[in-house]
Amino acid sequence: MENVYELIAFILLGGMVLGSALLVVTLKNLVHSVLSLIVTFIAVAGIFLLLNADFLAAVQVLVYAGGVCIMVVFGVMLIQRSDIAESNPVNWRFGFAALLGGGIFILIGMFAARSQWMIAGTEVPKDTVGTFAPILLTDFVIPFEVAAILLTVALTGALLLVKEVKANGDRS
Amino acid sequence: MNIDFSLITTEIALAILGLAIFTLGLIIPRSARKGLGNIALLGLIIVLGIAVYSWPNQGETLGGMYIVDHFSSFFKIVGLVAAILVVFGFRRYVAANVGNYLEYYSTIVFATLGMIVMISAGDFITLYLGLELMTISFIVLVAFRSFDVKSLEAGIKYLLLAGMSSAVLLYGLSLVYGATGTILFAEVAQSIIDGSGGLLLIIGLVMLIAGLGFKVSAAPFHMWSPDVYEGAPTSVTAFLATGSKAASFAILIRVFVGSLTGIQEHWVMLVAVLAALSMLIGNLIAIPQTNIKRMLAYSSVAQAGYIMVGIVAASQSGVKGVMFYSFIYVFATMGAFTVVAAVYNKIKSDEIADYAGLAQRAPLAATVLLVCMLSMAGIPLLAGFVGKFYLFMAIVDGYMWLVLLGLIMSMVSVYYYLRVVLVMFRDDPVDPTPLKMETSVTITLLIALGVTVFLGIYPGPLSEIANTAAQSFFTP
Amino acid sequence: MGTGLNPSYFIGLSAALFAIGMYGALSKRNIISVLISIELMLCAVNINLVAFNKFLTPDAFLGQIFAIFIITVAAAEVGLGLALIIAISRRRETNNLDDLNWLRW
Amino acid sequence: MTFPILTTTLLAPILAALIIVFLPKENDKLCKSVAAVGTGIALALSLYVYFGYDQSVGGLQWVDFGQPVPWIKDLGVTWYMAVDGLSLPMLLLTNLIGFTAVFASWNVTHRAKELMILLLVLIAGVMGTFIAQDLFIFLLFYEIVVIPIYIMVVIWGSSKRVTKEYAGMKLTIYLLMGSAFLLAGVIALFVNSVNITGIADMSFEGLAQVAFPEQLQIYLFALLLIGFGSLLSMWPFHSWSPDGYAGAPTAVSMIHAGILKKIGGYGLIRLAIVVLPLGARFWAPYMAVLGVIGVAYAAMGALAQKDLKYVVGYSSVSHMGYVLLGLASLGIIGINGAVAAMFAHGVMAALFFSMIGFIYERTHTRWIPDMGGLAHYTPKLAVGFMMAGMASLGLPGLITFIPEFTIFVETFKVFGLLAVIGIAGIIITALYVLRAAANTLFGPARPEFSHIKDLKGPEMVPLIVLGTVLVVGGILPSLLFDMIDSGVAPLLAHINDVLQIGGR
Amino acid sequence: MVEFALNHAWLVPLLPALAFVIIVFLTQRWKRLSSLVSITAMLGSFVIASIIAYGVFTNHEFIEKSLVYSLKWFGMEGFNINVGVMLDPTSSMMLFMVSLVASLIQIYSTGYMKGDPQYSLFFAYLSLFGASMLGLIISSNLLQLFVMWELVGLCSYLLIGFYTFKVSAREAAKKAFMTTRIGDFGMLLGILFLQIKFGTLDLVELAAAIPMFEQFGVSLGLLTLIALLFFMGPVAKSGQFPLHVWLPDAMEGPTPVSALIHAATMVVAGVYLIGRTLFLYVQVPGAMEVVAAIGAFTALFAAAIAITQREIKRILAYSTVSQLGYMMLALGVGSLSASMFHLWTHAFFKALMFLAAGSVLHALHNKADVWDMGGLIKKMPITGWTFVVGGLAIAGIPPFAGFWSKDEILVVTMEYAKHGHALGYVLFGMAAFTAFLTAFYMWRMIFLTFFGKEKAENHPHESPWSMTAPLIVLAVMASIGGLIGTPWANIWGEWINFGEVHHAEPALGLMLLSVILALAGIGLAYTLYCKDGEKKTARKLAENYQSLYQLSYNKFYIDEVYAWFTQKIVDGTARVTYYFDIYFVDGIVNGIAAVTRGSGKGLRYLQTGSMQTYALVFFLAILVITVVLAFGSPSLASIMGGVK
């Protein structure tokens, strides 16, 4: 009967994910969109939990729901000059976009539904962090280091870009 | 699992170089930072030396997640050469138009590192991280002239589109992972041969093509490139058009020819059509352009189409063709953009019309631009001809239509190149004072000219090296 | 686990999320909105990866590790993106992405 | 014979060009002199080679370095510079025209230095195609000439009916389009030869030994025919030719009409017919039809022209129709004739264009109704013009007649009535040449031309050199024919072998 | 010496050729020297030619077997051409005649061309002409002959257009070249046929091969075709109908040219050529009939035109055409000797008349209309009386040269008719009537020019001796030149013949007839143009038969037909072709270019600058590709060429 609970959890979480995601892209107010984005991220974290990825769920909540979304809210506050209630309109493409999105969903969904799966019989180890932390630092050491450099680059880049113009030195 | 450090010396050296520039730049006074360019240049040359020196090293480390063979070494050298030329040939341009040496040179080095990691990637994660390091670095570089609205616009366009394409690429990777149960290229290949697959794999395949096609700016995934190329600082454009593209081709080959061979029948024709589209669209839209950077951008779309021809072949000769062409393409493109940047330094314009009489004001620059463009068009005695010869040789059996289209479109490309030639050579300059080029620019131009002409006349050695490299790709 | 949930469910979910993100990325005017739509798409990828990780390679943690990297990179990208947006908003009086068309043709 | 005399010949103009690069721009006389010396050396060397060639032995001689030098191993490319009876006349022609083209440009003062550099590069490029015995090296030289020509047309050309920009672009792109087909054919040819023999060999000799299947030959020959045909201005791929010549400066017109077109015919023999005889047999009738259409059509076109350069432009299309017709006969007499006709037409067209160039320099017009009576003021120029004109209409005693006659002999035998239409072209040719000559040179003297001067000094060189060749070649055709025959006969023997074995 | 001359016959054409080269390159500046070089060379040729003629005529061998020697010119497998010398009585006679006439005319020219700025060039051209003509005569190979044939044509072109400032001269030269070109086209085809079918162009070999034509796979029809094609060359060159139009116009050249080229030598080259290749024609009776018919028709036709012409040289020109018709007629009926005989006599009397006419024009400052002359014989006795000798000769009054040769032609024509060719009677009738017309128009001219009242506005004077001396020599030849071919002592027929030696019995009846016809013609002319000082009858006749008169005066409008054909049909076609070329053929080219450029211009607007559009395209492409790959992949693959 575990399956049933899982299924129910999946449907609930999935509904939450999709519902809040739809709100993200349909709400007129950008701040509201960001708020429902937080809901989406938390729901996705729930899905991760369902999939025995507890560490990942935690990261998701911390990084996305916490860091990213706060950052975005700040960003909105910094740049929004006009009426915030009408800050998130759609453009002329939304019809095409909807059709395209629907098409891709149907295509992938249809193919997914037809797919046969060779499910591995084993369980995900309970101690996820303890198991994959060593892997991350041995097998995946190169990506790990690269990620570190990547963050450095992104940081310096972001700093550079938000610097005031006059600090740019000796150009015209 | 232990790491074989001997295989990743180049990467380590490059990372150290980038960090060294970074730290050094913070230590030294602002006024002295200009010297960072020289340090970057010296460092890159040393790294290139290391890369060349470690040519004989072959192997895999980290359980196949990092592959070092002649194929990857070749593309690493290509990427490093591009980086060196960018650092060297655009010094004056950077000083005059970009600034922020610390960030600029370190980011250039890190972008190179991203390319090199990507080239050697043996699994999806390394691939992704390398790709993203490169992309993020390039986003920073594209938007580097943050006082210039065009540069920023190009930056945001590149950021958003690259983000979308990354998402698509990742989705594709996840589907491939789902279909095969592994993220290692070698195992994916084995798994597909063993029969895993299905429709999701096809979608994954398409998404991979889209994601990587975006990076190499193959039509119809090319649309970012003209805008970004035009808006970015010219040095960055040059690097984007050479290093980034070459590295992306390397990984494209690694993924498709090396890993997805089992479902070749699904993608070969697709790649052929994309190649054809790229040639058509790139060359046709380049015709009415008036901005030389934008024209070169469209022409680079077309060039991507030619290089993809080698992937269509999915054979050793095809891979060899891609390698050969990538190498010469770096020099031709670098030469052309160096001229563009050098001229921009003097006349502050990228409009073709303002190149009037360049042949009289700066004969060397005009000649190099001419030679480089003609090389891209595949006119003989220049390297591009030999490159196209190798590429089309690989597919002439069975894809005659593509060969013909490619050759005809490259002749069309002569049309718009000649329009530039017309302005440069026929017209008399408005201001006849000679344009004095800096020594670094002159040397870069001479290198580009020399390599392009030399390889056009005597391509034997490079072709043999490329052949060895391609061989190592198929028999690891 | 045997019966019950299989990857298809999660692919379906992720496909829907991906499609929604795509819709947002294509149809929203606000640049920030487009940026967060891209995050939605990346999230969809993560769902896929984690699901496959659970069902296909539970021992190797490939999917989860992949997902962690994606989250990291995505965060960096958002940061950079916001910096760019701020830089642009200083110089162009617009949030509308379609107005950023000085580079065209 | 290990001294690389052919490579030296090839490098002589290049060296001269390099020297000119470092000469001061203002001293254009010096630049021209250096160019003249460079081409003069090349001419002398090619004359030496021509008369040092042992016709009784035949085959490829004067092989540089004694044997082919490996060049690109994986493509089987070798630096194989050698000449036989087919290449030698073309080599000589190139250097004759190259040498005279320098003098035909003697009066150019606008950016003369650059003109000379480009001209020398152009000459070297054309020369390379004729002495390379390796397909790849041949191709290297084949297209490179297009770009200097473009630059020369747009800088030093003239705009009349069409602008020089249009003319130059049309010329360039058209020929490059043709070469796209050629290149595709060559690539396929090479790949298939490797598939069949397992050895990569790009030499013409090696490729000729490969037994390509008939269907493949037919398909490849078509590609090569389009490529070489458009260079040969085969109808309907001819329309670049009149416009191009009209827009081009004198030296370019001379070289283009004189030599460059001949690369098309040369390539057709050397590559298409010899390597793909079965394909040639299949396409020969079509070639003949196109050739005949070209002859008649272009002659008619020339008749309607009022611009001197257009007249000669169309006439060269017409003459190339004869060459194509001769080649299509696939017989030794016809091909001998075609090669000789290429040589003859080259000399004639170069003389014609140089004379028109001088007329244009003096009168600033090429419009026939605006001229008349020029013979009064410029008798020497008139002599040159008349000689070229008479050669154009195939007057016996000048170099063009015997080749044409030879072509007729074979094609009349092979194609019968079709050839008659081609032969009838000589009537139309006579009509337009005589009209042009009459309305330009003769008639009442016009006072507005009374200031113009006759040819003198260096300007006489084209007339003397080319005129001498015209006459000597007409009186002693065996000088040319023995040479050509020694080159064509072995090739034809090979073709006939293949046709008999591979025939149905 | 005879031996030397025979073995070095190539010197005959070579000397004038050398003279040409010397004048052009060396002596052009010194006029006197140039003419001296030219005349010396030609006299040298004449001397050698005389010795050759002596050698040939004293050695009976050469009747049966020509003296031939040759060397290789060029060749290849299956196609070898030798050049050489072929001497037999016919060619020896021609050599002698041509070099003699040419020498005389060159001497005459020193006076006639005096003061011309291009004096030297004129002699250079004359030398070149002499060289080509003499080369033509000794050719042993048809290709060699054709080369010389064309060179002769070139000289004719250059000399007709010698007064380059005259538009009419320019046009006449062009017309001459073009018309002969048409004939050459046919001749070239004939030569090609011979080469292809018989594998040789050597006259000796051809003469041996052609009688066995069936062994070479040649049918009689084909051989007839060959012969007729071949005949086109002579038709044009010798001014036969319908390609005679250039010859009268050719009188635009200086008069010595008209005399030398367009009366005495070049125009008879056609006749000579047919004579040379008679071995071909005798095999094909059909072709012979055509030759004869064209000859007879041309003779009559030209005479009919000549009776109304007003310009002195034009009348002579039509008379030339007419006389050439006689020669062709003789050939057509198979008599080489009659034809050659007439050629021989005609050369002298026609050259004489032209030179005399030139003398008249010289005196009257190029006033050409005979109606404006009159009574000139008083002021110009030598010119006048030599002209009268010429007139008697051409009219056929015994014992002048023309009588014998014309009589011979009438005889052979009659014989031809008697041998079962019904056509022969018609031909004979035409020839006889032509004889009457000839006498009439010639004497009309003579009466109008030299007799009657003097015109006050003319101030004629006798020409210098350099001009009159040749006249006298020619007059002598015109008087007695025919005596070597009288029916009673036919030395000529012994030597110049084809196949068997022909011995015609003297046909006194025919002789009488021809004399009567000639006298009738002269008499009529006398009545109309001399006796009647006001020429009322003549004018009245012209008015009464206005249409006929106009027809004749306008040369039966042949020129107009040609002009119409050239201007409307040929030029029209040319213009249509040209417009087709620039608007259709080139239109396609430009169209493709425009489409390419246009599509570039159009496609660039897809690049809207709006980033989300790019994304839209990006995702759309993914969707489309996926759908195609998932559902349509096999068919796509089959369309595009398949997978390796």
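Read from first to last, the chains carry the letters A, B, C, D and E; within each, the first residue is number 1.
By our rule, a residue touches a chain if its C-beta (ideal position, glycine included) is under 8 Å from a C-beta of that chain, and two chains touch if they have at least 3 such contacts.
Quick caveat, the model's predicted, so the values are computed rather than measured.
Shared contact partners of subunit A and subunit E, listed by label: B, C. Looking at subunit C and subunit E, the chains in contact with each of them are A, B. A count of C-beta contacts for the chain pairs A-C and A-B puts A-C on top. Chain centres were defined as the mean of their Cα atoms; on that basis the chain farthest from subunit E turns out to be A. When every chain is represented by the mean of its C-alpha atoms, the one lying closest to the mean of all protein C-alpha atoms is D.
Rounded to whole angstrom units, the spacing between the C-alpha centres of subunit B and subunit E is 76.
Centre-to-centre, using mean CA coordinates, subunit C is 64 Å away from subunit D. Between subunit A and subunit D, the centres computed from C-alpha atoms are 69 Å apart. Annotation: 26 Å between the Cα-based centres of subunit B and subunit C. In subunit A, the residues that reach two or more other chains under the touch definition are 91, 93, 96-97, 100, 104, 107-108, 111-112, 115, 118, 120, 140, 143, 147, 150, 154, 157, 161. Of all residues in subunit D, those that touch two or more other chains are 173. Touching two or more other chains at once are residues 604, 607, 609, 611-613, 615-616, 619, 622, 626, 630 of subunit E. The full set of touching chain pairs reads A-B, A-C, A-E, B-C, B-D, B-E, C-E, D-E. For subunit B in complex with subunit E, the touching residues are 156-157, 160-161, 164-165, 168, 199, 202-203, 205-207, 209-210, 214, 220-221, 223-224, 226-227, 264-266, 268-270, 272-273, 281, 283-289, 313-315, 397-401, 412, 415.
Residues of subunit C that touch subunit E in their complex: 22, 25-27, 34, 97-98, 100-105.
By the touch criterion given at the top, residues 70-75, 77, 114, 136, 139-144, 146-147, 150-151, 154-155, 165, 169, 172-173, 176-177, 179-181, 183-184, 187-188, 190-192, 195 of subunit D touch subunit B in their complex. On subunit A, the positions that touch subunit E within their shared complex are 91, 93, 96-97, 100, 103-104, 107, 111. Interface of subunit C with subunit B (complex): residues 7, 11, 14, 18, 21-22, 25, 31, 34-35, 38, 41-42, 44-45, 48-49, 51-52, 56-57, 62-63, 65-66, 69-70, 73, 76-77, 80-81, 84-85, 87-88, 91-92, 97, 100, 102-104.
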